[in-house]
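To start, the structure itself, in structure tokens.
Residue numbering begins at 1 within each chain, and the chains themselves are lettered A, B, C and D in the order written.
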């Protein structure tokens, strides 16, 4: 689970949805098995523009005797992701990973709720796959709330669809599924879940996380969220990816999303 | 013959010799007909690394009603040419051209001698093609001295081979053709040519040009040489590509390789 | 989707007494004397053309090599090669006079007297709309630093030029100083109608094969997007201190870059090195600024200038 | 082709009283406390590890966002978040002590007294081989500039630290000054055993959507290859003036970059931002320097240092 530097060879890089790409990378067998929620820093070796590596969650992972395959699901939002999208089969990228602390699944509760916003589906998909493979967890426990802006942004549901008993797709504009922000839709259902019996896992844009914090309002739900922050090193060295966190005694300090996270307890996050 | 900005689509980009590529670009019909010796500035739009456009001579040019085709023959020597070499069919580049003042062919003499060093063959190839198409010039007048480091560097002779009556290939290491620097080989033959009856056209590295100047030693030969210098703008604005030139009165001034050249009279060049 | 009425926003800006059609001008030394780019863009659409630095006598410039690429930028040591002020007036100005665009003459001197004489001659010529005083050049008499590194000397050059001309005087500042605001304040006090910044940062680079400098002059001026963050910071600092208009320069490649400068308070911008890699950069930047104004429902570019929320 | 005997050249260099295995060290703030990179490279192969800037008390650092990418570089306004000197000694130093590598503590204070106390404590701790004094941080008492922008203050900080320690003292200089050589000379006179330069150039960048700065702190330090030409120029200037060893820092990404600094006269280099994009950068640079020495038939890196031919 500790990061190192690998060459990744692009096996596939397909536009699976408008502006959304699925990249399959083949890398050396020494790549550590990642935990769901972990990510890689990716860049084109030697290229100084864009300059920094880009953090992308591991969407799926597999290995055989000769190599590992890492799948990344990413949305094109700027220069870095644009360049990734342009890579053809056989291109090489440099990957640093797996990085960060993934989701803690040592003591999940009876109900397992997944809430995602947009491309935030990526780490949750791997998490759901991983939980499904555990004998003590059945699909009936797993309920998913994937939110998207619109039908044209719906992505990453292929694997999770059959793994969760309940799929509550919602879109901001109602073009598919329920209309509304995913946090609002979840709020309507919240009474179904006993806080002490429910583990929530969420990933999405900052605004959504904040809204979720308000919905849960410090109840007894346990909610692990994966945060995003601009990153330089990804390894905990630069202190660039700070997020304000409350410690046990309630004191504020800045934690690193890359190495103290990206997964945090929602209750510990201090919103500004 | 005046430069402008065009999108060039890569039709082909083939490694024709170790580290040497032939790139065929398709561009808009409004691209001006180039004169042999003119060049283009080429870059990947939006990419800041490498930052400046790279000057490359036009190796060949043709047009039909719908588009123009520009061929570039280039050697990979650094980052910029490395990136060009990596472009696949369908990639787009930005080209500024045609630029500079090409060879003056208004009054060529009886003997026409071409001397090239390495990739300096590129503009001469186009020149030879162009002269061959003139009814008043026959292949028996045209004698070529193409020099290369070694057999593995021989490139760009396809078109000129059958157009010149005499091909005196030479290599520094003698792996093909005569062994020796092209200027030395030419020097051995120099008595064959009456200076007043001979036009020389040359392109190659600076050291070769300087050696050629010594060989000709201000004789009555007319020798036009195409120079290379690091360039930023290619259009005469930055004053970056300076070369020391003697004017009629013998006074020194700095001329711009890009817009006062790249072709100069060898006699006017001041070597340091 | 509502269709946006693409009513063109007002783009004119005022640099002290000088009115410009729009805030996008060219930077001195990167646009020749205008002619070089006439085939690429319609010069009349520029806010202003700032010509290559003019000295009293023609200058040969430095021996080559004069330029070198760096990461995200370039070094140059052209050494102010130029035709001299008289040849400029005779040979270059007639072309520019025919254009409907503000012409700003960038001037340079080795002595106070040089500045004085160049300013005099340009003020007498028809078709020059403002002077930009380059005080960023190394001055041997001043310990290897430049006129622009000392507030007193900078102020003195400014008042000398002001005394010789009724044209608006823009003073161009060097970034190679501890506190650019002190220089800006000094030249403002000395009568500058505006300040423009930044000129290049001094840098160098070494050829590993020869262990010699890539530039014959050893050091050169660093320009291009690499320096943009420094330029923007300095412009913002100066905007907070002076009340004359500030012209932002340094690494502007795109409309987004230009907008950053306008937002922190620059009244106009100059596009330099970008012209080299994209001769149409100025026009693309102008179009991009307009689009941003339209998208942001801002009807006049002056309403955007200085709207930075620190 | 003759087969090159790959006899490894001598790489040890001497920074005043401090002997380093080789001239490649890490730059403060870009390598954490070493541990962060222990999985990527063998720390024992480094010339030295310079740890994150240490203050007397733990520092929270600045609120996020703290970083932003720029062309060929990045801005950071981490605000010297660090565990404080005591926690460093208790929690971080034991790990470093186990490594066979020179450990240089980068220290930072808001007051003279801070510097004094931090220096005291680190000098009493086992396993610190030198102090690097960061005088490049903004000091509110000094008009928004930094300790490092004023030769007198820089000298005073230096002598205060020198008085408290018998460890070699390296003073790290800021590039945001008119004349870095005057600061270098001042700290040399005050007893610095070496100088290191450059720290970051101050820059900023603006978010067009919000018209707010990308960094919460508004301005930040620019690092990365974008600044290399400026860094190299300053190192060369300082090398010509001082007689203490100079450590070159700024935008070094490759062995070629490092070699440029050594050739102009830096005794060693620090690798900063490069670690972020390539955690193995230091080792690749070290290998590349060796290859260059072998190719150039130079048997000892010290024979390369300062061989610049201006």
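Note that contacts are C-beta pairs under 8 Å (C-beta built on N, C-alpha and C of every residue); 3 or more make two chains touch, one makes a residue touch a chain.
These figures come from a predicted structure and were not determined experimentally.
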Among the chains, which one keeps its Cα centre farthest from the Cα centre of chain C?
A
Between chain C and chain D, what is the separation of their C-alpha centroids in Å?
34
Could you give the separation in Å between the centres of chain B and chain C, each centre being the mean of its C-alpha atoms?
36
Could you put a whole-Å number on the gap between the CA centroids of chain A and chain C?
47
Note: chain B residues in touch with at least two other chains are 48-49
Residues of chain D that touch at least two other chains are 70-73, 224-225, 253
Work through the pairs of chains, note which ones touch, and then classify the graph as line, ring, star, complete or other.
complete
Complex contact set, residues of chain D against chain A:
29-32, 36-37, 39-40, 52, 60-74, 76, 78, 81, 224-225, 253, 273, 275-280
Within the complex, chain A is touched by chain C residues 71-72
Given the complex with chain D, which residues does chain A contribute to the contact?
2-5, 43, 45, 48-53, 94, 96, 229-244, 252-254, 259, 272
Touching chain C in the complex: which residues of chain D?
70-73, 75, 145, 149, 176-179, 201-206, 208, 210-213, 218-219, 222, 224-230, 232-233, 236, 251, 253, 256, 259-260, 263-264, 292, 307-310
Show which residues of chain A lie in contact with chain B when the two form their complex.
47-49, 88
